[in-house]
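Let me begin by presenting the structure, written as structure tokens, before commenting on it.
The chains carry the letters A, B, C and D, assigned in the order they are written, with residues numbered from 1 in each.
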Amino acid sequence: MNSKEQFAFEKVFLELPEQLKQIPNLGEVASYIPELSHVNPEKFGIHLITADKQNFAYGDSNEKFSIQSIAKVLSLTLAFKLEEEKLWERIGVEPSGNAFNSLFRLEQEKGIPRNPFINAGALLICDVLVSRLNQPKEEFLDFVRELVGNPKINYCERIALSEKEHGYRNASMVNFMKSYNNINNDVEEVLDFYFHLCSLEMSCAELAQAVTYLSSDGMNLLTQKEVISPSKTKRINAIMQLCGFYDEAGEFAFEVGLPGKSGVGGGIIAIHPLKYTVAVWSPKLNEKGNSYRGMKILEFFTTQTASSVF
Amino acid sequence: MNSKEQFAFEKVFLELPEQLKQIPNLGEVASYIPELSHVNPEKFGIHLITADKQNFAYGDSNEKFSIQSIAKVLSLTLAFKLEEEKLWERIGVEPSGNAFNSLFRLEQEKGIPRNPFINAGALLICDVLVSRLNQPKEEFLDFVRELVGNPKINYCERIALSEKEHGYRNASMVNFMKSYNNINNDVEEVLDFYFHLCSLEMSCAELAQAVTYLSSDGMNLLTQKEVISPSKTKRINAIMQLCGFYDEAGEFAFEVGLPGKSGVGGGIIAIHPLKYTVAVWSPKLNEKGNSYRGMKILEFFTTQTASSVF
Amino acid sequence: MNSKEQFAFEKVFLELPEQLKQIPNLGEVASYIPELSHVNPEKFGIHLITADKQNFAYGDSNEKFSIQSIAKVLSLTLAFKLEEEKLWERIGVEPSGNAFNSLFRLEQEKGIPRNPFINAGALLICDVLVSRLNQPKEEFLDFVRELVGNPKINYCERIALSEKEHGYRNASMVNFMKSYNNINNDVEEVLDFYFHLCSLEMSCAELAQAVTYLSSDGMNLLTQKEVISPSKTKRINAIMQLCGFYDEAGEFAFEVGLPGKSGVGGGIIAIHPLKYTVAVWSPKLNEKGNSYRGMKILEFFTTQTASSVF
Amino acid sequence: MNSKEQFAFEKVFLELPEQLKQIPNLGEVASYIPELSHVNPEKFGIHLITADKQNFAYGDSNEKFSIQSIAKVLSLTLAFKLEEEKLWERIGVEPSGNAFNSLFRLEQEKGIPRNPFINAGALLICDVLVSRLNQPKEEFLDFVRELVGNPKINYCERIALSEKEHGYRNASMVNFMKSYNNINNDVEEVLDFYFHLCSLEMSCAELAQAVTYLSSDGMNLLTQKEVISPSKTKRINAIMQLCGFYDEAGEFAFEVGLPGKSGVGGGIIAIHPLKYTVAVWSPKLNEKGNSYRGMKILEFFTTQTASSVF
């Protein structure tokens, strides 16, 4: 990062508190499972890590929250690493143009999910990992812990259980894909892994660190080890750009202009390839299910720093 | 462009002929209107213009062809410039997840096209321009001629007529949107403008020049005049990234990694923001309707030069 | 009709006024074209003709109203008579499971309308008649006038014009089918015929007479001439049973239990094969677009006379 | 039945063998579960019972086969009897216009199945019976045994198990409806009941007897006891007419003209209200999944006896 960029970043982080005051905290906290609804809706955190390892942070950036669907970036990374190009015989890379849990297109396309970030696709990625790993939950957790450099990262069993109790739509999807022979493992085992995956708890600081490989040609900035190849890194970023925000991917590209992924816990990660990763958290969601203030602040940030990929 | 980049670009253009020999010329020339089917399927051209005005070219890069849907980038640019943010009240920025001429989603979304590049959206953009311009066909042509710096750029009346004779699907869409009060002008006038728009003939060299503003924060490299603002430039690039290749946008982002737009004449433009614009032409289309060799060569190019936005 | 049936019918018609008082006049008069909205919403008429030519009537049964889609039974009859079994190569006989003007299924089924009573199907029937008749509007009118025995039956030009002015959805459908080569004539000519067809004005007495062939193995009760064959009569009744009430065909079969056809003018015809035809009129429509009181009174009638086909 | 009708019926049954020779045995035996594919494809049986208790039979009419979806008429009858009109708050009576196992419409209509005969609807009916009965499988079996007058009627455990092993699509649907709170019991219990229901084995003679109440205002001809009320009888017949043949209901109404229900085992029942019930069996199915020769023979029968309801 050159000095001009550094100055711009510092300036924006200084202006953040004032800017935040001007953004009404609109939307609703996710309530489809009771556990998610207990969060304090006023929480706000942001943490950014540049490719040359500078850190910028503000607010509740060290407080853990339920990262939910953001975990799908990490499971995709591990599955892509293990499965190589064969992965794309069972799943697409196209935006769905539908809500995250729609079965309409899955029916039209005979059990092949459109991409790894809609629920059906993320469930299929879980099936891949259940096939590839001996102890899927434990080994995936190890993978994440090493990415973050924190052996205490963990699932929230309470959230995972609650997801399971309200998980009929996801059970419907796994059974549906299995009817098309696109799920190889036991339905319950795939679902159990999926519900745990979504229950991961991390802070903005941890999330931003976990995905540093996406802004560094595949190399984890902490360990300096290659997580995946540069080519696959680009591809994961491309999928995030096109499919990371459900049916609001276009809006995010239009307003923020970075690859990213959101979760219903109110978290968002965004990647500026070769420049930085950023994680933001604000629990209230807009009507499309993405963090209201999270998107606004990222828009403010990329506008002020002129740092969209477009 | 630094010397390392320059060297890489030169090297890739030198390797192009050999690379091209290794790509089978698969696919089919578009034949839905007879005029398009007469083209020589062996044609291949490419022209690249860097933000610092260097030109790289190969093959039939000065031969004119029917740019078809690529013209939708130019009409969107003019409409966005004239209509400002009000434009987005009548049209979305999300990928459709459907074929380019599907009415399914248009029905679900009550006559609001998903984005400016599916046929319905491009027709709506034509309606905007018919409202805003006194002589739509002439004034739009002036706009394009100035972008290219060539007063001889023109519509192909023969192609436009042929489109009209086979244009029942497009007529269906305009009538459909008008039934939802999302078309303000006479159906025939909108269609006539649309058919002419799609009949524009340009060479790769002209196309690459026409869109230089998309790699230069909105400024035309030839005239040094602002075509549109930097912010709108980013937004057009974002829409191209998400919606520029019909139902293969994800594939293009995944393999090539640049914002772009294709046409059924076999042309593709791609933009590396702040770095370069490139136009490629090879008439045979893959099953999704995008140039087969065009996509392969752009993939080769961005891989060799490591120049995707991701 | 035996004396027991006759007694039952007389009794029900005597009870009608009292019954009618107990049915709230719910729903809304059709307003998608201004002309239809001017009707007095309190109007109510019913006329029944038995296969042995007895007539039962009540209320405004001699007052003309816009029969709208009920005319589609008459155009289907003429087209089936002229085109024979070839007709079914271009149109289906299955319920659509969709609203009357949906394009969704038409797209899935490549321009083949599901049945002759959804708008797309009725438009296709008009195309058949335009091909088969020298002067479609005049000859169709002659056909209807002979069915009723009244040379004064006529189109309402004011309604036809108003339909045309608001007919973009229908124009969309004809163009759509033509894009699949399933319309053989000029789009405007087909639409003009369709809009006139829907503008026919008849009274309940006239309507009940017009369709007497459907309760008499194809023979018009007035002229004693065969309109169509017994076999085709059964088939038209079958199509009415399954497709006559848009997305409420099941409800009508469930509650009334007779083949029938409704129109947005508030008219309904129903047929008890070999027993009677009945026409009822009450302008206010339920949310599915069928006459609210019309359906209620027919339900009352078939329940009291135990005369459903089931 | 008058003497003229009796003569006609006798004549048709005498002509049946010759007629059958003229119908090619086209189509394919169902093979989605291995057990169904083992049947002899040449089998053919028919059994008809008139409202005045005359029996007509031909071929393998006493051989048991897997009645599959025909059982849904019996489960609907029991559920309608137990649940009364409340049943229709959870399920519709409209044709679906889709394949029997489509989730598309179920998603559009928020977990409310279109009718009791598509798979989702039949599963919901099973949920009703699981709620209402203490021992659903046993009590339902008792109900069927009493209808037939044969205590040996039974499920085929081998078929039920095979259905379960290939039942992911059905599991998907139950989970889907449960996600909309339209399934009240345990998913596995509902599925187990459903798979048993579909495994019932009966002969044409037994099937025709089982549904005699549908041609006799609700009264079982054997026991002379009311199974359900006359009004509900009509309604079940109406639903069969509109929804009994998946996406071929219109074709069956058009060609045969009677309420009926088919199963993938090659069986069909048809009802002429107040006149007769008939069961036919021929294992090979047309492409819509209905018995090829079964439909042809019923068409021949109703044409020859002029006994359609239309």
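Following the convention adopted for this analysis, a residue touches a chain if its C-beta (ideal position, glycine included) is under 8 Å from a C-beta of that chain, and two chains touch if they have at least 3 such contacts.
None of the values given here were measured: they were computed from a predicted structure.
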Inset, instruction - Would you mind checking the shortest number of contact hops between subunit B and subunit D? - result: 2
Inset, instruction - For the pairs A-D and C-D, output the one whose chains share more C-beta pairs in contact. - result: C-D
Inset, instruction - Tell me which chain's centre, taken as the mean of its C-alpha atoms, is farthest from subunit A. - result: C
Legend entry - Centroid distance [mean C-alpha coordinates] between subunit D and subunit A, Å: 49
Inset, instruction - Return the distance between the CA-based centres of subunit C and subunit D, expressed in whole Å. - result: 32
Inset, instruction - List, in ascending order, every residue of subunit B touching at least 2 other chains. - result: none
Inset, instruction - Return all touching chain pairs. - result: A-B, A-D, B-C, C-D
Legend entry - Residues of subunit B defined as touching subunit C within the complex: 102-104, 107, 168-169, 171-173, 175-176, 178-179, 187
Legend entry - subunit C - residues contacting subunit D, complex: 92-98, 105, 114-115, 230-231, 233-235, 237-239, 241-243, 247-251, 253-254, 257, 259, 273, 303, 306, 308-310
